[in-house]
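Structure first, then comments.
As written, the chain order gives the labels A, B, C and D, with residue 1 at the start of each chain.
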Amino acid sequence: MAEPHCDGLHLDPAIREQARQRLLSVRGHVEGVLRMLEKDSVYCVDVLKQIKAIDGALDKVGAMVLRGHLRDHVATAARRGDTEAMVEELMEVLKYR
Amino acid sequence: MAEPHCDGLHLDPAIREQARQRLLSVRGHVEGVLRMLEKDSVYCVDVLKQIKAIDGALDKVGAMVLRGHLRDHVATAARRGDTEAMVEELMEVLKYR
Amino acid sequence: MAEPHCDGLHLDPAIREQARQRLLSVRGHVEGVLRMLEKDSVYCVDVLKQIKAIDGALDKVGAMVLRGHLRDHVATAARRGDTEAMVEELMEVLKYR
Amino acid sequence: MAEPHCDGLHLDPAIREQARQRLLSVRGHVEGVLRMLEKDSVYCVDVLKQIKAIDGALDKVGAMVLRGHLRDHVATAARRGDTEAMVEELMEVLKYR
C-alpha cells in the first residue's frame, strides 16, 4: 500500500488524461478480442497476436505513468525525506516484468 | 501470416469459453483503472500496480490459448506436413515477451 | 523433469553449435561487465545497459533452441504419442518470460 | 547517453561488490551451459531451463543496481537539478524489459 504518500503525491493531470485515453483504446481492443472469441472459427495464433498487442499498449500506459512518477515523486524524494519508502514501493511494482 | 491454416485449425471450444470468461474479467479490471484515472487524487504507483495485475491476467489468457495451440495444432504439425509454417508463426508471436 | 524424452530427443547439432558460439559471446560480455564492476567510477546506468544487452543476447540463444525444439520435438509429438508431456514441459519453461 | 552525470554519480561500493559476486556466479552458470552444449545428447528443454535460470539471476543483479541508482541518484535529482536527464536515461534502460 502507498499510504504514507497518498496525501501529497498525485498523478500529473496531463499524464492522467493521456493514460485514460490510451486505456479507453485498450478496452476497445479487449472488446475486439472478446468478439473474436465468440466465433468458433477463431484461430489460436490470431488471439495470441491480439493479446500481445494489448500487452504492448498496456506497457505504454505503464511507461507513461512511470515516467511521471519518477519525475514528480521519485526525483524529489531526497527533498521530502522519504527516499527509502519511495524506492521500495517502486521496486515492488517493477519486480519481475 | 496464419493464412495456410485458417480453414482447418480452430481454438478448442472449452478453452475459447474459458479465455472469454477471463477476458471479461480483464475488461472489468481495465474499467476499474479507468475509474481510478478520473480522480485527481489518484497515486501513480496504485495505477502501476493495477496495470501490472492486468498484464498478469492477460498473460494467463495467453498461456491458456498457447497450451491449446501447442496441443491441438503444433504437436500435430508433422502429421499434417506444415511444421515449418507452424513454427515460424508461433516464434513470431512468442518473440520478445 | 524431462526424463521420459531424454533417451530420444536431442538438440539439433547445427543449432547446438550456433547456440554454443553465441553463448561464448555472452560469456565474454559478462566478463566485460565484471571488469566494469572493478572500477569505483562505474555508473549504474552503464551497468544496467550492459545487463539488458546480455539479457537480449541470452534471449536469442533461447529462441534458437526453442525453434529447434518446436520443429524437431513438439511438431512430432502426436506421432510419438507424448503430446501431453511435451506441452506441459514446454509451458513450464515458457512460463512468465 | 550518461555523459552529464558521469563525473559525479557512481555505483555504491557495497552494491558494486555484491553485483560482482552475483555476476561471477552468472558466469559460472553460463560456463555450465557451454559444457552442456558440448554433448550431443543434450536435450533442448534442459538448455531452455538453464537459460531461464541465468536470465533470472541477471535480473537480480539488475534489480540490485537499479535499487541503488534510484536511491543514490534518482531520488536526489531534484536537488541536483538534472531530473529530466536522469528520468529519460532511466526510462531508456527500463524500456521493454
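Here is the rule we use: a residue touches a chain if its C-beta (ideal position, glycine included) is under 8 Å from a C-beta of that chain, and two chains touch if they have at least 3 such contacts.
This one's a predicted model, so the numbers in the text were calculated from it and none came from an experiment.
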Task: Weigh B-C against C-D on C-beta contact pairs and write down the one with more.
output: C-D
Field: Inter-chain centre distance, chain B versus chain D - centres from mean C-alpha coordinates, in Å
entry: 29
- prompt: Between chain B and chain C, what is the gap in Å from one C-alpha centre to the other?
  reply: 23
Query: Between chain C and chain D, what is the separation of their C-alpha centroids in Å?
result: 18
Message: Counting only residues that touch at least two other chains, what does the list for chain B look like?
response: 59, 66, 90, 96-97
Query: Quick one: which chain pairs are touching?
result: A-B, A-D, B-C, C-D
Task: Write out the stretch or stretches of chain A touching chain D in their complex.
output: 59, 63, 66-67, 70-71, 74-79, 83-84, 86-87, 90-91, 94-97
Message: Per the contact definition, I'd like the list of chain B residues that touch chain A in the complex.
response: 2, 5-6, 9-11, 13, 16, 19-20, 23-24, 26-27, 30-31, 33-34, 37-38, 40-49, 51-52, 54-55, 58-59, 61-62, 65-66, 68-69, 72-73, 89-90, 93, 97
